[in-house]
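Inspection log for the structure reproduced underneath, given as structure tokens.
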Amino acid sequence: MTEEMLIPKIGVVTDIRQDTPDVKTFRVLTPDGTKPFDHMPGQCAMVSIPGVGEAMFSITSSPTNTEFMEFSIKKCGCLTEWLHMIEPGQQITVRGPYGNAFPVESDLLGKDLVFIAGGIGLAPLRSVINYVRDNRSRYGSVQIIYGSRSKDDLVDYQEIIDEWMTAPDFEVDLTIDREQSGWDGHVGFVPNYVKELSPDVSKTVLMCGPPIMIKFSLAALKELGFKDTQIYTTMELRMKCGIGKCGRCNIGNKYVCKDGPVFRFDELGELPDEY
Amino acid sequence: MTYKLFLDKLYDFFDKIAGKEILYIPSDDSDGSARFKKYETGVTLSESGNTVRSAKDFFFPQTESLVDFKVDGQKIEVIDPRTETEDFVIFGVRSCDARSFKILDKVFIDQEPADSYYLNRRSHGTVITLACTAPVETCFCKTFGIDPTESADGDITAWKTSNALMLKAVSEKGRALLESLGEIIDKADSEDEKAVEAQKKQTNVIYDKLPLHNLSTEKFDGRSMMDTFFSEKWKELSEACLGCGTCTFVCPTCQCYDIKEFDTGHGIKRFRCWDSCMYSDFTKMAGGQPRLTQLERFRQRFMHKLIYFPMNNDGEYGCVGCGRCLAKCPIHMNIVKVMKSIGEDE
Amino acid sequence: MQEVMIKKAAELLENGTVNRVMGWKAGEFIYDVTPAVFETAEELKDFVYGDFCAPNLSKYMVAESKKDGKILVFLKPCDTYSFNELLCEHRINRDGVYVVGIPCDGKTDIEKIKALAGPGIIDIKREGDNLKVQTAYGSSELSRDDVKLDRCLVCKSHKHVAYDELIGEDGEIRESKRFDEVERLEHMTPEERFSFWRGELSKCIRCNACRNVCPACTCEKCVFDNPASGVENKAASTSFEENMFHIIRAFHVAGRCTDCGECSRVCPQHIPLHLLNRKFIKDINELYGEYQAGADPESRSPVVDFTKNDAEPGIIYERGGNE
């Protein structure tokens, strides 16, 4: 019998990092200690705990990480609550990779990049950011505009300080929604911060975050003179199969699991706004 | 080559096939409605036009096991439950339903990766189509270019005339089955061919008397997705929709599914089951719900069949005109009314 | 009748009593009418009322009565019981609805017509108590009594129990033989009855049409749609689960089911679901005294009302016939 995508593989959670009060990052390996499968930045995987459920998550680690795979997961539903309760050594199932990727090997090559993220929206972008950092010479400057509700809600904060802030030609602009003791950085919502920072309109934008942030950041970018063709985002809808057959994650005639999750805004503009 | 078999030998023919493979034929239930039944001595062939449920169940059953798990502490064992399907023959599939298999193939086989569960059943199934002689008012297969009197979408195509069953192989698999039947079937002669032609003509005469014989897809060929999506008509069309799944479940081309789990007490069974885009939880997730009202869900179903599917499949529509949804919708809202109403939009 | 109703609707729209009208709209064939809302006198050209206007419009009032303005709804006698029951359960805003009661002498079942006159229906004309049916294959004349919906054959009432206005004279509550078939089931041995229901319920395709059409099923979120309930499923994970869906539903509507028969009418698999509900009604009548849900909006269903004469749990043993 042929190989079946719907039959998952075993993954072992070897390490769990508490990133924020409601986000944990899970390191996943096969039982043999290898990386479960290769992927490109932006692609997703179906993760499940049998008996609890299965859901699609973006792969947070970079393809350049050849040792393991990571998922940053926010606690928000049944499965994610279970994932937040497990201990290292727990086996889960994984299948993938699914969907398209950010065009890191085509359209993004040589470009100056702006990453705009809000909250857990950093998870899918982290894969690209680290891919770009590990292939530094092939891309132009990198600007990361990242905001969260509070300092404690900034995902991967330590990695941001240790690795991204020190990487060559990397600018990291952090913001939090409200004043907080111990925070001397910027305070304010991401869309406003984007306007304040006013990135150069020659740059290419990769954006991910809550819908309201996307909506207003997109407006801010348009105001600054950015075109839809310069802005990429990644979508999330309910998925069951991951291979464009179960029929629920479509936006118009496109399936998020197969044709997405990465879309350029001009592509989205040609589709019904049902997301 | 066309073969024939006198009708008094019909059940010998069924016995012969059933001796080799599992055979399913349409047979009348106690309430008079036709359903596919496993053939064994005593099961009689229905005279009805079509079965209440579509034939998609043979390849895409309402529920099927995908994978089993055994969970022991932190450890998980993945068990592949798949086994090779036994060979089977379905006799009496109408042209509309036979075309639906081709449409399902596009989703489950042609679009990679192929679905091995579907492929397994499909490759072990032989389809004998049977020409329609009694189309009814809900029929509109010709709208989608389907010939009710002869199908090229199965493995063998058949005609039941007043005294004989005529059989013609359409695929290699069909040819092999016919050749394996031996002397029970004879070569048809020109008189038999004439009888078939006369029957086809008569069926078409009846078809042309029916109310939907003129229904055309013309207004939908290459139609704008955005204009159709934002049509004002959806509100009125979806107004009385109950949000049940009847249309979806009787539809031969609806193939959306859900994946669910069941704790057997000894392990976890992950299975898939038919799902309906008409259901409120179809797209609901922890993070939100993009289709909040029945209007959006209703629109999705028809957009999928009339716009999205053709856009992705060289203009082929996701409907075969079998008319089951016309007959079964509790409030009689259906794809024909949608096509007529939306078709009026410029 | 249709003309009188259109005239009434146009008049009430015109004088501002209502701003919308709910009735039935003509379809592609003579029989495929759809419940519809009409907002102008012009739109009423598609309004129909006839032998196929079976859908009970009262459940639509749950949502429609809460919209701006007032809606006119045409209700047949049996529909008014559902309307009352929904009022009783505070599901309808009475001020948002103007009910016009319309007479009904039974609706016809297209499946029965097809079974007798053959398929390929082109036209059906009513002539007195007969129907002239023209199909693509010929024509025939049928007696209406032979092709009425099952529920109409045992019609329980020609009387409207809720209305603002009536068209025509009101009728009477009728002697109905509706419990005969329940009795037939009761006379079966437990094994026969079990196999009868297993056979019927195993046909279920879980389309939820019965539940979604049922005027007694108006939960904001059905337990079977709620992933948090633990029983939510679109398909049976065990062979008994389909049966449970219907049995649980019958329990949930017990004492509130008016026996409108919509569940059986819409079932695509012809499962006689109304017999489950009717058994509950019969039992309630026998155990707690005659009770017709919806007959009186002020009444309390016996299953939520306590009296000292209520049956004790021991009744189960007595009636079950074994220890």
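Should a chain be cited, it is by its letter among A, B and C, assigned in written order, with residues numbered from 1 in that chain.
Keep in mind that, in the parts below, a contact is a pair of C-beta atoms (placed from the backbone, for glycine too) under 8 Å apart; a residue touches a chain by one contact, two chains touch by 3 or more.
These figures come from a predicted structure and were not determined experimentally.
Averaging Cα coordinates per chain and for the whole protein, the chain whose average falls nearest the overall one is B.
Farthest chain from subunit B, judged by C-alpha centroids: A. For the pair subunit A and subunit B, the distance between C-alpha centroids works out to 40 Å. One finds 51 Å separating the Cα centroids of subunit A and subunit C.
Separating the CA-averaged centres of subunit B and subunit C is a span of 31 Å.
Multi-chain contact residues of subunit C, defined as those touching 2 or more other chains: 227. Shared interface positions of subunit B, i.e. residues touching 2 or more other chains, are given as 258, 275. In subunit A, the residues that touch at least two other chains are 78. Of all the residues in subunit C, the ones that touch subunit B in their complex are 27-29, 32-37, 55, 60, 114-115, 119-122, 136-137, 205-209, 211-213, 225, 227, 233-238, 262, 265-266, 268-270. By the touch rule above, subunit A contacts subunit B in their complex via residues 1-10, 50-51, 53-54, 76-78, 80, 86-87, 89-93, 211, 236-238, 240-241, 243-250, 252-253, 270-272, 274-275. On the subunit B side of its complex with subunit C, the touching residues are 31-33, 49, 52-53, 62-63, 134-138, 206, 209-212, 236, 239-240, 242-246, 248-250, 258, 260, 262, 269, 271, 273-276, 279-281, 326, 328, 330-334, 336-337, 340. Across the complex, subunit A is touched by residues 66-67, 69, 71, 74-76, 78, 80, 82, 84, 107-108, 111, 113-117, 119-120, 225-226, 229-230, 255-259, 261, 263, 268, 270, 272, 275, 277, 282-288, 290-291, 296, 300, 303-304, 307-308, 311-312 of subunit B.
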